[in-house]
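Here come two complexes built around chain A, the first alongside chain B, the second alongside chain C.
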Partner chain A sequence: MSLLEIEGLEVRHRGQPIVAGVDLAVEPGEALGLAGESGCGKTTTALAIMKLLPPALEPSGTITLRPPGTDEPVRIDRRTERGMQLVRWRHVSLVFQGAMNALDPVQRVDRQILEAIRLHEPRAGKLGGRIKELLNTVGLTSAHGRAYPHQLSGGQRQRAMIALALACRPALVIADEPTTALDVIMQAQVLELLERLRTELGLALILISHDLAVLAEACDRLAVMYAGRIVESGPAEQVFRAPQHPYTKRLLDSLPVIGGARGVADPIPGTPPDPHDPPEGCTFRPRCPYAADVCLEEPALREVASGQRAACHFAPWEPESWAVRRPGGTP
Partner chain B sequence: MIAVRDLHVHYRAARAVDGVSLDWRPGEVLGVVGESGCGKSTLARAMLGLVPAAAGTVELDGQAVREWRALRRRVQMVFQDPYQTLNPRMRVRAIVEEPLVISGAGDRGPLVDRALADVGLPPERFADRYPHELSGGQRQRVAIAAALVLDPEGLICDEPVSMLDVSVRAQVLKVLMDLRASRSLALLFITHDLGLAWALCDRIAVMYLGRIVEQGSAQQVIEQPRHPYTQALVAAVPAPDRDRGAKLVAGEPPDAAHIPPGCRLHPRCPHRFEPCDREDPPLFDAGDGDHRAACLLLRPSESPAAHA
Partner chain C sequence: MRAVLATRRGKFSFGVLALFLFIAVFGALIAPQDPRASSTDVLEGPSAAHLLGTTEVGSDVLSQLLVGARVSIVVGFAAAVISAVIGAAIGIVGGYFGGWTDRAFDSLENWFLVIPQLPLMVVLARLLDPSLTVLIAVIGLTSWAGTGRIVRAQVLTLKERAFVERARALGASDRHIMRVHILPNALPLIFANTVLIVAVAILAEAALAFLGLGDPESISWGSMIEQGFEAGAPSAGAWWYVVPPGLCIALLVFAVGLFGYLFEQQVNPRLQERT
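Let's turn to the complex of A and B:
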């Protein structure tokens, strides 16, 4: 049984879907990577799981969480705000991109962790030891705990934010661009921390990033989003090595690989579609060098290789077939 | 083209640039790579006289620069954030034309049109738009057009694509590299992105705490890094199946007001040995041509076996 199951998630803004037909499952202890560029709907999906969407966005579809040790599955989509307060932080936490904005600037870090625990465990006794342990888990000391957020560096704040997310021992942590604001060495340190927490605590993780290389390193499975839809998903390494959707392929091509080919890859022309005026058929069609008449029909997300799904009429793709563009198509 | 000689830039107690010497050759694509706070942006600004140097010189064609205005005509700068650098109340044509107005050039229309065409923005479609009508990538291309219109020999690009989405980055980088070919423009990329430096640069200089700790060709620096800090940077680049081993440096850099004595990396360095906390290493020859690194392990008298 999956820890988290999302079926047919749709999020509408003024009647238009900005996230559509998203099905996702996360197994206990698994790391799922959600990839895509600005506006593709990955953060909206995360906020829908936390039931933190702004009022202008209307979700539909089912989101089921099965926290270990409880018999009753939690239907997040049906929960009231009060009911969600018992779920957030306790069973699923969210680590935001800008840790400075998510931490309370006028509270010491250890007080913030203490409050998060007290909220869910009002009868808990002394928590000093547990907080110290939490800080140590993320590579901080009690001295960091006594600091205010502004006294910490960006990397330390991100670690404090992770400690806070872990405070009530949730089964699932969603991390939205947790390393984007960090320098490359600090990013590597935080990725190693998340990997260690996963093995030590059996934590499941949804990692959201625009950086496919980060996700391929840190995750078991990947889902690539474009214009509100999942266009490809599968085992992380398989998607990274042998993508099955032209968008994934072009994204990977534009990522310089150290020690690999030098120079600039052919850019993807144009910009993502306006969600209020989506193109007919495949949403990537207007930018796709392989598009043909059949692409005026919307392709379904289907299995095209072992465990790998893609929403492209031409999948499965052989490595050599990427070289043949279709200038006679309809882009 | 521009040579920097033992340049120092201080902000109060912080030694943001702490003795940098660097050559940027005509037509060359040079990368200055480092993490936030290493002084790379300050170095770029000091090269154009936008921040005062505490010591050292910037030379243009072998002469120490005294008149910055002349240098800034020949070398222009493109900044990171295309949302803050374009005047929102000016149309694209006026933005690109402004440097020509300031320099008193006549017959400006064709020059503006050419600059816009060169960055892939057809003037008939884009010249009359306002910045808010453009995407991030298009804005950055307008900024590049404004930098190009005076026909400079060099462009200093400070993190030109770090705020852009992956697919848009390639569009902007392609424009820059095409310009290099068509206008034989020299490019200086200030970046934290080692992958970008690898893909585009002829030579790379790695900065740490105000000092260049390694420089050489892109292949030498990325494929055969000799300085432990460069090795850590290369090891930190995310990739599937990455095994970093013991290459990462520990902790975080101190701030530029508290530069450690001796080698500035020694408190974090996995290879430090006895003299590292006392001796500040100069750039030593790494033994393969134009490749140098500031690590005492490369000092000719040091036997690598003694501290392997």
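Let's turn to the complex of A and C:
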């Protein structure tokens, strides 16, 4: 049984879908990577799981959470605000995008961790030891806990945020761009930390990033989003080595390769479609070098290799066909 | 706070405030004579026996001045605290929830801002029996609207900050978020505003007392001026009766106001000088 199951998630803004037909499942202890460029619906999906969408966005579809130790599955989409308060952080916590701003500037870090625990375990006794342990888990000391957020460095704040996310021992942690504002060294350390915590604490992780290389390394499975839809999903290694959707392929090509030939990065031309004026057929069609007439029909997400699904009429792609298949060809 | 005290104006205002607070606490002890005791020295000018002269019933003006400080300061601060509590509560709740709550509070604020404060206070004080508590309540209840406005504006920006969203993700209720996250972050602004209200409240107390709406039992600077006026002190040339309390009010209000402005300059981003 999956820990989290999302079926047919759709989020609309003024009637237009921002996220459309997203199906996702996260197994206990699994790391799922959610990739895609800015505005593709990654964060919206994350907020929908926490039921924290701003009022202008209307979600539909089912989101089911099965917290370990309880028989009753939690239907997040049906929960009331009051009911969600019991689920948030207790079962699912969120490491915010730009964690530095997600800490209250006028409260010491340990107070904020204490706040999280007290909200869900109001009758808990002394928590000093548990907070110290949490801080140690992420490589901080009690002295860091006594500091105000502005007295910590960016990396330390990110760690404090992760300690906060672990405070109530949730089964699932969603990390939204946890490394974006950090330098490369800190990025590696934070990713290593998340990886270690996952194996040690057995928690499931949804890692959201625009950086496919980071995700491929840290995750078991990958889902690539484009314009609010999942265009490709599958085992991380497989998706990274043999992408089956032109968007994934182009995303990988746009990454600079360390130690590779020095050249110009190969960006994807154009911009993501306006959700209020979506293109006909495949949403990637206007930017796709392989687009053909058949792409005017919306492709379904289907299995194209073992465990790997892609929404492209031309899939499965052979490694050599990326170079061979000319723009405008037939499938 | 430290930045305020680093300036000369800050040191001055803080010094004056500290002096008046000291007088308010110990005024009755350091007063040379019983402020109510009458004598045959009626409306005498300043002399060695009466440093600031005497009143129309022969009481010592200096003693009255020292004792009267307490009422002026207590009323000023207590009314300001009431006004801050109401203003902060209405500003936070309205700003946080928005919608019709906000509009309702906004109309209430408009109402209080538009109605001239002094006549409203006069009417309220007249309706109720004059006492210290009534005076404090009347001033406090009529002066919160400005604080409410400023706090609301601050809350509108605070509630969009990431840590408030995080608090909601923690599973916190609206009440918890307002109490634990919004209020502490708005506190410096509320404090600065309250100090400014203290100045207004001291003036209001003096004004009400001068109009004879003060507590008849107690001596305050306002009631001293009123008594002096009734006794014809100004026309009799007895300046020592009305000028000292007037000067004290002016000096205290000036110091409180200056301190408040300096503090507000530190905490209100819109008033910060560009460097």
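The criterion applied here is as follows: the second predicted complex is superposed on the first by the 320 of 331 C-alpha atoms of A that agree within 3 Å, B and C clash if a C-alpha of one lies under 4 Å from a C-alpha of the other, contacts with A are read in each partner's own complex, and residues count from 1 in each chain.
One rule holds for everything that comes next: contacts are C-beta pairs under 8 Å (C-beta built on N, C-alpha and C of every residue); 3 or more make two chains touch, one makes a residue touch a chain.
Please read these numbers as outputs of a predicted model, since none were measured by experiment.
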item: Chain A as common anchor, with chain B and chain C clashing or fitting; value: fit
item: Contacts of A:R90 with chain B and chain C, given as first, second, both or neither; value: second
item: First, second, both or neither for A:L301, with chain B first and chain C second; value: neither
item: Partner chain(s) touched by A:A102 [first = chain B, second = chain C, both, neither]; value: second
item: From chain A, separation angle of chain B and chain C (C-alpha centres, steps of 10 degrees); value: 80
item: Greater residue coverage of chain A in the superposed arrangement, chain B or chain C; value: B
item: First, second, both or neither for A:D211, with chain B first and chain C second; value: first
item: Which of chain B and chain C A:L52 touches, first, second, both or neither; value: second
item: First (chain B), second (chain C), both or neither touched by A:L134; value: neither
item: Partner chain(s) touched by A:P267 [first = chain B, second = chain C, both, neither]; value: first
item: Which of chain B and chain C A:A291 touches, first, second, both or neither; value: neither
item: Superposition-derived minimum Cα distance between chain C and chain B (Å); value: 16
item: Chain A positions touched by chain B in one structure and by chain C in the second; value: none
item: Contact footprint of chain B on chain A as seen in their complex; value: 37-38, 153, 155-156, 183-189, 191-192, 210-214, 216-218, 236-237, 240-241, 250-251, 254-259, 262-269, 271
item: Interface residues, chain A side, partner chain C - complex; value: 50, 52, 82, 84-90, 93-94, 96, 98, 101-107, 115-116, 119-120
item: Chain C to chain A touching residues, read off their complex; value: 161-163, 165-173, 176, 180-181, 184-185, 187
item: Chain A contact footprint on chain B (complex, rising order); value: 35-36, 135, 137, 165-171, 173-174, 177, 192-196, 198-200, 218, 222-223, 232-242, 244, 248-249, 252
